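Take a look at the structures below.
What follows is a pair of complexes built around chain A, which joins chain B in one and chain C in the other.
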Partner chain A sequence: MKITVDEDKCCGAGNCVLIAPEVFDQRDEDGIVVLLRSEPGAEERAAVLEAAAVCPAAAIEVHEEA
Partner chain B sequence: MSIDEQVLPYPIPNDAALDPPPEWAELRGTCPVAHVELPSGDRARLLTRYDDVKLVLADPRFTRQLTAPDAARLTTDGGVFNSEMAQFIPDGGEGHQHWRRLVGKWFTAKRMAALRPGMAQIADDLIDDLIERGAPGDLRAGLGFPLPVYVICDMLGVPAADRDRFSYWSDTLLNLTRYSKEEIEAAQLAFFEYMSGHVAAKRERPGDDLLSELIAAGGAEDGGLTDMQILVTGMALLVAGHETTANMIGKMVAMLLADRSRWERLLADPSLIRTTVEESLRLDANSGFGLPRYLPVEAEVGGTVLPKGTTVVCSMAAANRDENAFEAADRFDQTRSPNAHLSFGAGAHSCLGQALARTELQVVLEVLLRRLPGLELAVPVAELERVEGLAVGGLRTLPVRW
Partner chain C sequence: MTPPGSIVIVGASAAGLSTAEALRRLGYEGRLTLLDAEPHQPYDRPPLSKQVLAGAWEPARAQLRGQTQLDALGAEFAQGEPAVALDAAERSVTTASGRVLRADAVVIATGLTPCRLPGQDGPAGVHVLRGLDDALTLRAHLTAARRLVVVGEGVLGTEVAATARTMGLDVTLAGMGGTLLGAQLGEVIGGELARKHAERGVRLRLGVTVDELTGADGRVTGVRLATGELLPADAVVVAVGARPATGWLAGSGLRLGDGVECDSRCRAAEGVYAVGDVASWEHEGYGRRLRLENRTNATEQAQVVAANLLGADRPYTPIPYFWTDQYDVKIQAHGLPSPAAELSVAEGDPAEQRFAALYREDGRVTGVLGWNMPKQARLLRQQALAN
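Coming up: the complex of A and B.
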């Protein structure tokens, strides 16, 4: 899977970091999302899908390879 | 008359402390854009479906400009945050995003992780006092109400000695019925004066707290906030973060004890705390008014065209039980994942303090499970009484034994 994040949409809620800290972080200056790994492994899959589903700003997109 | 021809009184009357009114399911099914009459007598449209509520909350056409001349008034007496003070915080567009990013920097998940030990200590101390006073005790007065104020005080760099004054101010500002108008005005003034002095003191001697950090960002000309904005932000955080979290602690614990197998499941497997907190937030049937929005242009929602000038009320609590969004939506599922409930709103305005609120709720459960594993309700569930708050509803008391 590949992930992209939209910094303009991000509202800094931090859910993604609480759920998948290996994949997402927040910038210290303003709390906006930072992608630590754009192609996380299988062990991260469930957490990433959950983070994308609950993002209040719909700022995380998951692209599944065919 | 069917429900879609009626004008329902809103909030919908409901006596059950933890269960939803039956109207929600009916509205979602047959009347997703209902006509309601607010306490002021003004009319609005009520949204109860998940998709509609989520779209509207994230759609900037639906504004928070409830002061527009043709917007519905919620109540006749205004309420605290209609006051002159709220205007210092931009409520839309770039100004809002700028404010949000300056303040949001304090609310990152990393920062919340760092606050955990301090929160656990506060919870431990409060539980010591509860135990000392002996069972049965009121978990609302003893833990749910004070904990979030103490946490906010720490965050604002307010010394522990002043915590109880903050509790009193917050209680007075938020309690719609218990205090007189004079008491409310006096509390608001005293709180304002305290915060003016406090911000000035932080400017002299900065500490490791949110206000010092906002001051360090510089004045408006440097891309920071004015002193007035910093002060109002501090006050707004207490108002936004106290009653909401305090009530949620009580309702969450009540939901777990009302069916004690839920509590036992957590005792057996504390790794379910996180998902259990989310499920309590989702199923909170007493979450208050919902979110009003004003529509300055015509727009369509759920197949209904709403004319310019409409006020809509989003019921997140009704949306959170939508069968089209959640499998077995009425079931309390402690493992539900993902759980994209709308209790913190959605979009650019969604709760700024949600990482803090989640952390507080998780810590409270961790400490309660460790300290009082035998916790149980000291009265039958049917005797729990709800209170309508300003922002969210809660329980009047939560009598427990351990």
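Coming up: the complex of A and C.
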């Protein structure tokens, strides 16, 4: 899977970090999402999908290989 | 339990769409139908009072998902198709066009309807803001108007005031509360926010009630306060709260109080669930009934509703969270920051417009607030709040 984030949409809630801390972080200065790994392994799949689903700004997109 | 063979979701916005997506993610392969009263593709509401109202975003940017993602859901979307009745025992939904949809399970995700002031529907130029059409109508009016009066000192009223002021309008905000967001965040933070608005040139009339809207030739001309003061306006936004959109559920057999009353599993009746702003449920962590009007709740509750629809037995026990962006201030509120709580700064410095604070009641931390410190607020939440 490949993840993209939309920094302009991100509202800094940090839900993604609560759910998938190995993959997402926030910038110290304004809380905007930082992608730690854009192609995480299978062990992160469930957490990443949940983070994308819960994101209150719909700022995370997950692209799954066909 | 065998999973339902068909599910109808009424309301295809943040909560309804998230429920559909979560169902598919959890492996649900049955029939899925989403109804919505509005004719639009599912879109997000927080940008409506911010980027969309300001004109910084094209409306399309506020869409929740792209067409490919919507197609991939394998769901039937019926937009512009309001539900007008539900029979909870039969799980059948009737729409305005006379369609009757029967399903094994029904999800209610119809959100809120804005409250109005008496006499508001007479003169032109008086607005509420809940949907995309409202936002576009208001934006069109604000680009031509000079003087805006916002009625309401809650989240929506203060955001609209900030956006309109940034657009260059002359803005007055009138509200019954003694400070801005006082009911949500208490006096200290409310005072801080009031100073910010005043600095930016918004005129504040707080602790006042509105007597009437004045008009001439069919257009609004001002807002008269109970004090007698007349606030002249060529545009008025009424942001005095909203009620759960449950009118269509009269006679459904469901318990309707402040929203659709659900148990701790977000279940309103056998095979009927409610999610998002419209849902009131028993929060087992707090030991009381709660109904939240915020964006994160819509998606978080959707995960639990989807799981429970498919046979899980999960209580929904979130830590509430909302944010608001006004001028250069990003406020994040976690937990239940009641106005009665005591506030103490935990990090940063209010004088520098960057701080995080804790709300305490009876010595317990009940809420965390970030003022231009989103990450630090989230970290404090992880340390101090639990459910």
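Methods note: the second predicted complex is superposed on the first by the 66 of 66 C-alpha atoms of A that agree within 3 Å, B and C clash if a C-alpha of one lies under 4 Å from a C-alpha of the other, contacts with A are read in each partner's own complex, and residues count from 1 in each chain.
What we mean here is this: a residue touches a chain if its C-beta (ideal position, glycine included) is under 8 Å from a C-beta of that chain, and two chains touch if they have at least 3 such contacts.
All figures in this text were calculated on a predicted structure; none of them were measured in a lab.
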First (chain B), second (chain C), both or neither touched by A:48:
neither
According to the stated criteria, A:59 is in contact with first (chain B), second (chain C), both, or neither; which is it?
neither
Chain B versus chain C as contact partner of A:14, first or second or both or neither
both
Would you check which partner chain A:26 touches, where first means chain B only, second means chain C only, and both and neither mean what they say?
both
Per the contact definition in the header, classify A:3: touching chain B only (first), chain C only (second), both, or neither.
neither
Dual-contact residues of chain A, meaning touching chain B and chain C, are 11-15, 17-18, 26, 28, 30-31, 49-50, 53-54, 56-58
Within the complex, which stretch of chain A touches chain C?
11-15, 17-18, 26-28, 30-31, 49-50, 53-58
Interfacial residue positions of chain C with respect to chain A in the complex:
18, 21-22, 25, 44, 46, 64-65, 294-296, 298-300, 302-303, 321, 323, 325, 330, 332, 370, 372-378, 382
Spell out the residues on chain A that touch chain B in their complex, using ranges where they run on.
11-15, 17-18, 21, 25-26, 28-32, 46, 49-50, 53-54, 56-58
Residue numbers of chain B touching chain A in their complex, please.
58, 100-102, 104-110, 112, 274, 337-340, 344-352, 354-355, 358
